[in-house]
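Okay, so subunit A shows up in both of these, paired with subunit B first and subunit C after.
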Partner chain A sequence: MLDIKVNQVLDCKGLACPMPIVKTKKAMDQLESGQVIEVQATDKGSLADIQGWARNTGHQYLGTVEEGDLLKHYLRKSSPNEVKEEKKHPLTASNDELLKRLQAAENITILDVRESAEYSFNRIPGAVSIPLGELEDRLGELKPEDELYVVCRTGARSDLACQLLASKGFKQVKNVIPGMSEWTGPTEKL
Partner chain B sequence: MTDTTIKKMTAKELTRMVLDKQDLFILDVRNETDFNDWKIEGDSIEIINIPYFELLEGVDDILPRIPVGKKILVVCAKEGSSKFVAEQLAEAGRGDVFYLEGGMKSWSEYLEPVKIGDLKDGGELYQFVRIGKGCLSYMAVSNGEAAVVDALRMTDVFEQFAKEKGAVIKHTLDTHLHADHISGGRKLAETTGATYWLPPKDAEEVTFGYEKLEEGRDITVGNTTIRIQPVYSPGHTIGSTSFIIDDQYLLTGDILFIESIGRPDLAGQAEDWVSDLRETLYNRYKSLSENLLVLPAHFGKITELGEGGRVMAKLSDLYLSNPGLNIAEETEFRRTVTENLPPQPNAYQQIRQTNMGKINPSEDEQRDMEIGPNRCAVHDK
Partner chain C sequence: MSTKVAIIASNGGMFDAYKVFNIATASAATDAEVAIFFTFEGLNLIHKEMHRQLPLPAGAEHFAEGFKQANVPAIPELLAMAMEMGVKIIACQMTMDVMNLKKEDFVDGIEVGGAVTFLDFAKDANVSLTF
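So, the complex of A and B:
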């Protein structure tokens, strides 16, 4: 299994509802946008409740790993500017276009710039994972001549990644819009 | 500080309120999925759902939705979140705020005993209404002996009740291998030294000893008195067996309910068992005395509860009113009982395995497996 990188681990073991959610909310208030929290709970009811809470608050529920009686819930604090319009990378591709090229088994590289925890729970098979924050340091893992399709959840982080790649001399870089949030093609996890 | 201003309500007290049709406003603070799956119902109950995790910042926003001057009951899965919300309501100045002790778990497990009637030879027949889950058990008492039909997992309730009646439980019987709840028949037989009876065709895979329920093998309770006559009535399961008690009562198990009929698909063989089900309902039962009082193992809707909570009806009345007994066309019948069925009961496969003795879950696991409605009837949508 992949190692899931998180910014904070919150211990809610042995606590009954409502405490796991009360503590998660407090911890989430302290996090920066985009950071990921791992909530460790033993209350089985916390699974449905944390999903419901995330849906209502707009935070992103990534997934849950069960280890015996322990439930590890992963959540990412949403950032308001993920949906904000700014300067855009000019080359874009729709989800459909990417799916067609995948199905045709063409020689393309899919770069997934979401956090590793997001990538762990839901990704396009074969996608390479380099979170946006690490991209600049890890450019060496990519070939400038490759045809790159860059994905994130909504197209916002991947847009920033495309702009960075273009400035570093990558020629064939396309931002996939919207990305994983509406991806209907094949996926894999963990 | 705030603990003094909120009061607890037990499942027993809540049952009384439902049966007596007392006004009550319920705020259910579980998540929406659990609420939509299964909730407290009653003619006099007004209920809304607002998950507790939407109320972490306080209850001010929802105060306009909470009526003033009515009893308020806050309900959650176990208890913790309902207290959390009830305290906030009390702090906001609402009086008469209760929380449900033990939450939906205790609601699911509470049994209300109601008397069905006297038996000819001095005995009595009782029905146990598991109001939160829609399960029904029976106890026939006569001359210091008792038999329990379709006992539920909360076996101490039956032991205690028999003790109060001065009776020793001699027999426990299951009409069929249950798929929606864990049978208490075997456990009750073990603790009381009673004999456990099962239909052999449902018991082919069980891992324990039992007596075979077969036509002609009448069971006697008390010295001379009640005769429990098994009637083979397949359809919900291949072994399903009904009982005629005292020539007055027909215990139909999950074959025939008050407002619906049993579903044939829970053991995975809907297509094969449709004709058995039709034969039982449209021929076998029809040949019985139409004055028999039908006592099923389930109810699906609160409207099926009669006076004092009793669930019963005359067989002849059901032939007039029950939609499942009034489908003339065989193809139409087949469609009704095999297509568009309600979702299957929670964990029904594991429950069957448990009732066969193949797995032995802990008390907590058993409780979790049984959460939710029973959904054994064709019309439980």
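So, the complex of A and C:
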């Protein structure tokens, strides 16, 4: 299993409803947008509660790992304007276009710039993971002549990644819009 | 606009208190705006002394052990948490008059109001509950 990188680990072990939710809410308020929290709980109801909580607050529920009686829930704090960010990179591709090229087994590289926890729970098979914040330092892992399809959840972070790559001499870089939030093709996890 | 949850608490037992405060704190933690109107025996749930020693229903006393084992927070703790998260606590003026209770008899930070105070909040609530 991949190592899931988080910004905070919250201990709710042994606590009954509604405490895991109340503590998660308080911890989330202290995080910055885009950061990921791991909530450790033993309350079995927390699995459904955390998912419902995320749906209602607009934060992103990534997934849950069960280790015996311990549930580890992963959540990412959304920013209010995440889906509305201005897109600037001129070359874009739809999810469908990427799916067709994947099915045709063409020689393309998919770069996933979401956080590693997001990538762990849901990704396009074969996608390379480099979170946006690490991209500049890890450019060496990519080839400037490759045809790159850059994905994130909604197209906002991947747009920033495309702009960065274009400025570093990458010629064939396309921002996939919207990305994983509406991806219907094959996926894999953990 | 955020979800609004309007609750009427009209019973004064420990089970009633958990129903009221669990829903209220969970709602508040989910960014809902919550108001609870305490009336008749429900006033026990916010009474300075009474809320610390709420009775279990007759024949259900043995659940006291279950509450401990499940590590459920105590009622005073839940009440404090609810208020800290902005849950609006309204004590019913009419019932207070009938029972000869004053605002000082209740925990700090409550409001006192009549039925319309609650209705004004509840008229556009998404969720209305009575316990």
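In this section, the second predicted complex is superposed on the first by the 187 of 190 C-alpha atoms of A that agree within 3 Å, B and C clash if a C-alpha of one lies under 4 Å from a C-alpha of the other, contacts with A are read in each partner's own complex, and residues count from 1 in each chain.
Just so it is clear, a contact is a pair of C-beta atoms (placed from the backbone, for glycine too) under 8 Å apart; a residue touches a chain by one contact, two chains touch by 3 or more.
Values in this document were obtained by computation on a predicted structure and should not be read as measured data.
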Putting subunit B and subunit C on the same copy of subunit A, do they fit or clash? clash
Looking at A:Gln163, would you say it contacts subunit B, subunit C, both, or neither? Reply first, second, both or neither. neither
Taking the superposition on A as described, I'd like to know which of subunit B and subunit C A:Trp53 touches: first, second, both or neither. both
Please work out whether A:Val22 is in contact with subunit B alone, subunit C alone, both, or neither, and reply first, second, both or neither. both
Name the contact category of A:Gly14: first (subunit B only), second (subunit C only), both, or neither. second
So, does A:Gln172 touch the first partner subunit B, the second partner subunit C, both, or neither? neither
Does subunit B (first) or subunit C (second) touch A:Lys44, or do both, or does neither? first
Both partners, subunit B and subunit C, contact subunit A at residues 16-19, 21-22, 25, 49, 52-53, 56
Where on subunit A is subunit C touching in the complex? 14-19, 21-22, 24-26, 49, 52-53, 56-57
Which part of subunit B faces subunit A closely enough to touch in the complex? 31-34, 51-54, 56, 76-78, 80-81, 84, 368
Would you pull the subunit C residues touching subunit A in the complex into a rising list? 3, 22, 25-26, 29-32, 70-73, 81, 85
Subunit A to subunit B touching residues, read off their complex: 16-19, 21-22, 25, 44-45, 48-49, 51-53, 56
